[in-house]
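Next, two complexes with chain A in common: one pairs it with chain B, the other with chain C.
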Partner chain A sequence: MSQAQIVFEDVVKRFGDTVAVEKMNLSVEQGEFLAIMGSSGCGKTTTLRMLAGLESPSEGEIRLNGERINELKPSERETPLVWQSLALFPFLSVIENVEFGLRMRGIEPAERKRRAMVWLERMEIAEFAERQIDQLSGGQKQRVALARALVTEPPVLLLDEPLSALDANLVVRMQGVLSRLQKDLGITFVYVTHSQSEAFAMADRVVIMSQGKIEQVGAPLEVYRQPASRFVAEFVGSNNIFTGKVAQTNAGQVQMDTALGVIHASGVQTAPLENGEDIEVVISADNFEIDAVPPENGEAIPCNVVSEEFIGTVVSLLLETESGVELKIQKQQREIAELDLHIGTTLWVSWSPDAVYVLPK
Partner chain B sequence: MNADRVIRWSIWVYLVLVFAFVFTPIVTSVIFSFNSDRFPTVPLGSFTFKWYETVLNDPDFWKAARTSMLVCVCSGVLATFIGFCTAYTDFRYQFRFKGAYIALALLPPTIPLIILALGMLAWLSKIGASGQVWSIIIAHTVLCAPFAMGVIRLRLQQMDPDLESAAWNLGASEWAAMKNVVLPFAMPALISAFCLTMAVSFDEFTVSWFVSGLNKTIPVAILEVLQGTVDPQINAIGTFVFFTSMTLVVIAQLIFSYRSNQN
Partner chain C sequence: MPPLVIDSQSPSIRKLSVKNKIDLYALTWRMPVIVWQLLFFVGPLLFMIAMSFFLVKNYRMQEAFEMKNWIKMTSRDYFWDAYWYTIGLATLSTVVTSLLAFPAAFGLAFKVSASVRRWAIFLLIIPFFTSYLVRTFSWYVILAESGVANALLGYLGLGPYKMLNTVFGSIVGYLTLTFPLVIILQTLSLANIDRSLLEAAQNLGAGRLRTIWSVTIPAAKTGLIIGAVFCFILSFGDFVAPYYLGGSKPPTLPILIIDTTKAGQQWPRAAVVAVVMMVTLMVVAYTAISIAYRKRR
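Moving on, here comes the complex of A and B:
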């Protein structure tokens, strides 16, 4: 296992009395695509800015390739950033923007023009080289920003919500561009976003932050299926969270009383549970089975349809049990079409004990 | 439909009246500068360049013109520099009493000119610096810097604060970022502030009259001529001053609005 490329060790950042980042410990491997996610004000952008040297940590140490970089000025680091605002220089042409980093390093005009052209071609915007920035579309500006950051061939690229200003189609397209670029270059990407779909689509690992603290670090699927805390469970996607008390446990099999009735869970890996202990469980919205008639074997709960939301191929349903518990369910549109649903229709909902995930304490 | 027409015509009439009110005296002065009669009366005499010839052959006028040019260029440069520094500190830094700092920087034009002039005279003579060309330069720099600051501050407010950080992030030192990002961005405002402060300095009378001593600027020279006689060469000088100032102000406006719109 190689040495971690970027290390945050007990990093704290305070602004006056406010703590923006609290005791952060994080290491990033060379060549990894790491996404840092959280709602606004969670400290994700501050983390990125500390890495670029635009903020300095109040405590702790940040290391790049094993060397402490706390005291380095932004201009002394090889950590170019793609800005949320893009921050392209409006008084320079496209190619002059891309050349900027090379010019600051004292590279000869002919050489820097050649190297800038290579990147413009790679980003498929070579034809716009002599244009002014305000003559470009959003997607083209995005590519200029990427070329400008990458032209110096840095070991790490930092990205601060780079796609937030683009429309939905373009976001998906740029996600593809970024993913491929990161694989081809083999350099580390640290990507800050509030968008779960962006993070999950591209990242090798995801960091979930809340109020300056890391809630969970893991592969996207792991974070999605095994949230480390209630916060993560609520933050990522459409999870149903139920609180209850343990009724019976036996070697990973747990039976509990919740608002939804008695729930069985299997394969529970959480620390041993006591009978009567408070417990929180998660059932992901896509883990339910629904049927128009009661199933012949096994248990199912009757629910009424409260609302239906159609998002492309997936349909989001909000159901309510007779006792008033709300359930979020996601199904493929094709499956739903067979059921002929209306608001108020009664459905029979069931799930497998494997689908019940017990939240760690 | 009809009401629209009425409103449109009223606006036009209003506009014509405003311009007439503002420009009639100036136009009158320009017309009389080409009139052969000694006194400004109607009907006019014949067309002549006589008064311009008198002015151009007057060594005192040339001396005053040289002083005025020197003063307005020097105080324009200094005021633009100081104005840029204040505007940049406002843009870049957050600190306590910043409001007071800005208010203080903008103060000079709000002080009655006569008070400012008296203060300048008292202070400059105390430090033994009154009656020199550079006494006028100092005084005009103080008077003009706030105008420069206002114009430059307006421009810097349009600048994405990330722009400077982006330059650092790409390897530019603070000085390199200033030279390659902040100054180019602010350039239209710098040029326009320079023209504007030159115009203010070129026109300024009160302060100049108090601190200039023997180094008369053009407005001071005009007053001295006027005190002696009523001489149509005043109209000629006035026309010259008016067109110089207007040219500077128009250049300032054009550059500022053209370049700002572009970005």
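Moving on, here comes the complex of A and C:
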């Protein structure tokens, strides 16, 4: 079996009495794009800083290529970080910023200038080489920060919410840049973000953290469709979560009573359920069908439109059943254009038993 | 690798139309400052410059416009000796003070909590509560031939050393005047450095000392230079330290001014010295400030 490049083994980080990271076990493969997600204060940035050596673990061991790195100083590691604030040196020009890491490694001036120029060209900012940092736009600064971190050809690049200061258009563009860069270089990216769309767009695997603990590790689609806990189901956004009691089970088919009435689920993978057991189920917002008239087979619930939010090609609807249960539904705008929705319109909502996901206990 | 997509954003420089109209409201509020400056700075300065062309006859000053004082002062070796000696002494004071202050300021900026830093700055202000002259005389007791310092050194089998009436004495006096202020200015500028810059330096392979040299100092450059400028200005113009602790020999320019006025009421010649000092300080301060705010290293 191939050895993982980065390993966290029972890593704990305490700041005084507060536990920032609790018993973390995580391994990252060489060449992987890993995103660590969570709300602020969940320990994701601390995890990244421990990798860079800017914090040292209180307990446990961090290994890079099989070697314990707990005691290495930040300057002895090959784990450059791209800061949220970018942390470019304002008193150095663009090219001097990029050369900094090479200068610290004692590379002679002509060689480091050549290597810095290669990276500036690669990031398409060669024309700004002699400029001052404050003469650049946000996107250009981002490229300088990337060039500065990558010029020493490290095995791992750490990124701490690098896109959070950019406007929406630029974020999408930089995501493309980062994805492509990571694939071309074949090095490991560890990317910390609170943004689900950033993480899902770029990462091979996503780590969801909450209160210092890992809630789930998995491919983006897996985290999205099969959340490991209620926290993950809520965190990844557009999920409807219902609590209920098991009424009947039979070989992966489960029938349950919820606020929405009797729900059927098929293909349930979780541990055997017993009748009367409390369960939580998730129906993703994009898994509903809606229609202006009741469907012929009758399996639909009438709801009223409470609000409608148009986000680009997708429309987010908030509906309410007659008994007052709220449903979040997402649809492609063109799919529902003919429904002529207004607040108060009655719609018939249905879903397939495949779309019902039972949360693990 | 194929080229990456580049964003088209680049900072635009907005040109503001220049208003020719005088803003009466703003002018009204600026008036007190302007009046104050004219009355208490520009006025006396002009008078001093004018006075440097006056003549003294029978111990009485007479209005005139003669180059005599300028020729007399600038053709004398003792004037230029005092000039370069004062510049040398003030420069030495600036270098010593800045170097001694830096570790203290570094510790206060990075190694202690914000509340300790506040207390430290408060304590550094306290010396200014008492007269500088009083503090200088307390050094007199400490540095004298049979003073406290030599008594302590005597226990170690050292000395006695001559500390009063030496350059060392002058520097101790200058430190008394400038040290707390320079520490405060350096601490504030160091404490304002974005910490992520220091982490970034280490992250990119700089050890502790290299981080200080290649990031901390350049990032705090403006404040460090302003601290040094204050130190130079105060030392250059100080009369007390070189007179009482430095022994007034050789004389510095401030001592020369006193001597000149005492000897035959030569206020116009003293004004020559004062004008030369003003011009020197302006050149030094202007040069230093433009280096402090210059973009490139």
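Definition applied: the second predicted complex is superposed on the first by the 359 of 361 C-alpha atoms of A that agree within 3 Å, B and C clash if a C-alpha of one lies under 4 Å from a C-alpha of the other, contacts with A are read in each partner's own complex, and residues count from 1 in each chain.
Everything below uses one rule, namely that a residue touches a chain if its C-beta (ideal position, glycine included) is under 8 Å from a C-beta of that chain, and two chains touch if they have at least 3 such contacts.
Note that the structure is a prediction, hence the values are computed from the model and not measured.
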item	value
Superposition on chain A - do chain B and chain C clash or fit	clash
First, second, both or neither for A:5, with chain B first and chain C second	neither
Touching partner for A:124 - first (chain B), second (chain C), both, neither	second
A:90 touches, of chain B and chain C: first, second, both or neither?	both
Which of chain B and chain C A:287 touches, first, second, both or neither	neither
First (chain B), second (chain C), both or neither touched by A:188	neither
Which of chain B and chain C A:152 touches, first, second, both or neither	both
First, second, both or neither for A:74, with chain B first and chain C second	both
Partner with the higher number of touched chain A residues, chain C or chain B	C
Contacts of A:137 with chain B and chain C, given as first, second, both or neither	second
Residues of chain A contacting chain B in one complex and chain C in the other	52-54, 73-75, 79-81, 83, 85, 87, 89-92, 100-101, 103-105, 148-149, 152
Interface residues, chain C side, partner chain A - complex	1, 3-7, 9-11, 194, 196-197, 199-207, 210, 214-215, 218-219, 221, 295-297
Complex contact set, residues of chain B against chain A	160, 162-163, 165-173, 176, 180-181, 184-185, 187, 262-263
Residue ranges of chain A in contact with chain C within the complex	52-54, 73-75, 79-81, 83, 85, 87-93, 100-101, 103-105, 122-125, 132, 135-140, 148-149, 152, 170, 173, 176-177, 180-181, 184
Touch list for chain A against partner chain B, complex	52-54, 73-75, 79-81, 83, 85, 87, 89-92, 100-101, 103-105, 134, 148-149, 152
